[in-house]
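This is the structure I want to talk about, given as structure tokens.
Naming follows writing order (A, B, C and D), and every chain is counted from residue 1.
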Amino acid sequence: MAENPATGWWGTLRLIRLHFFGRLSDLATQVPSRCAGETPHAIRQWLAEDFPELAVQLNEPQVLVSVNHCIVDWQTPLTDGDEVAFLPPVTGG
Amino acid sequence: MLTTLRIQAEDFDLAEQYSLLRSSSPATTEIGAIVTFTGLVREFEPRSRDHNDDGGALDGMRLQHYPGMTEKLLQGIIDDAAQRWPLLAVTVIHRVGHLAPCDQIVFVGVASEHRQPAFQAAEFIMDYLKTRATFWKQITIDGQPRWVDSKDSDTTAARRWDAQCDG
Amino acid sequence: MLTTLRIQAEDFDLAEQYSLLRSSSPATTEIGAIVTFTGLVREFEPRSRDHNDDGGALDGMRLQHYPGMTEKLLQGIIDDAAQRWPLLAVTVIHRVGHLAPCDQIVFVGVASEHRQPAFQAAEFIMDYLKTRATFWKQITIDGQPRWVDSKDSDTTAARRWDAQCDG
Amino acid sequence: MAENPATGWWGTLRLIRLHFFGRLSDLATQVPSRCAGETPHAIRQWLAEDFPELAVQLNEPQVLVSVNHCIVDWQTPLTDGDEVAFLPPVTGG
């Protein structure tokens, strides 16, 4: 597994909590619940190294990303303590 | 406006919810119309787009959601509805966890002075709940669990209300 | 399709009607959506077009109907709805005689596989019931009875469905 | 009161049952429940002789007439035993 940037000594530490839902949750059982990353996009790229199957799903255009419960752009800058969730199309109701 | 919003594993009772809508509005004698919607687990699901199964009889269903975000999104949908129509009371209940065929999944209830706002707000809330609220269904058929695909028809249904805003 | 049609002086029980819709369809496990509409007597009525009163608090209401014709018209409305949408069960109950503020007047319940037919059929039935079914309301305000005027908005509501046919 | 054609000796006897609803019912309390008449229009004209206030209401364009529970044209020919009802705009629901 690639070194988790959250545990590295370099750069600013941005400890991000990760959540995966729907079909993504089945593919993300081995993903650490916290990591570092400058943007959701950077986290997705980091995940691709060790979880290629998950990364394919994360790259689907229908998958949205939220930060602290708000849907955001993949390039949104993250700050320490942010909660990032990867959301496949919802199917409730 | 009285708002009730619950995400729960337990079943709900329609009569109790109706009674709440009917009696607990600040202006009960102004209520002329109450619309309720109840969604139930159907026994047969259509074939999946991505899988080569034939659909079939459901063993059961599991509903996952994103605690914190779901409540916020549902409250936003209710607030949107209250901006669009003069409503006296709104209740939204969505179940999570394991459900069996014929179980109740979701309840939307709206009280208003007149029937048109009540009908329209209830349908609006369901359309947006289906396309925006962070719930995911996993169904099990012949012992095989699979995540349900989202429906294009639901996206189209939600877009009707966007079009009304533009017009 | 299970059809229940009743014109009665007695009150009705929403839970009982919901339970009937939910359980007595020939294909209960196919029901994915149940929409109910309940109309209630509001305490305040707007001013009459023809009279110079200011509206006011209702003492009560009397509902008259044309026995024989009303049942036939309501059955026709239900049949129309069943032609337009795939429905599993429909219930229409309308009360007649003396009613007080907050009393239930009318119930429409529709069960279907999906939410859109259920919502649309329930709204369609109410729109047509309001404009075509032979009921007349007489309200009493400050001891003065007067017959309620028909509403242009109801006629417009019913015409929406005609337009859909032409289109 | 004008002679009720139902009781006259002339012409074909068409005994028609009459019903009045809504605001019409208040104005028609003295109208006989049966009469004769070739069409709903003819009955309305006959009623005008003795019930002018009712006739004004019956001439309102929103008032519909039914024969045996079907909405019909005012010139529809009637036959013995028909049930004719005068229907102001409905206000149920």
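Here are some notes:
One rule holds in what follows: a residue touches a chain if its C-beta (ideal position, glycine included) is under 8 Å from a C-beta of that chain, and two chains touch if they have at least 3 such contacts.
As the structure is a prediction and not an experimental result, all values here were calculated from the model.
Centroids built from CA atoms put subunit C at 51 Å from subunit A. Here the spacing of subunit A and subunit B, counted between their Cα centres, is 28 Å. With each centre defined as the average position of its C-alpha atoms, the distance from subunit A to subunit D rounds to 77 Å. Along subunit D, residues 93 each make contact with two or more other chains.
Shared contact sites, meaning residues of subunit B that touch two or more other chains, fall at 39, 115, 126.
Taken together, the touching pairs link the chains end to end in a line with two free ends. The chain pairs satisfying the stated touch condition come to A-B, B-C, C-D. Only residues 39, 63-66, 68-69, 72, 94, 105-106, 126, 129-138, 147-151, 154 of subunit C touch subunit D when the two sit together in their complex. Subunit B contributes residues 13-15, 18, 22, 28-44, 101-102, 113, 115-116, 118-119, 122-123, 126, 153, 157 to its touches with subunit C in the complex. Listing the residues of subunit D that touch subunit C in their complex gives 19, 21-23, 25-26, 62, 66, 69, 85, 87-93.
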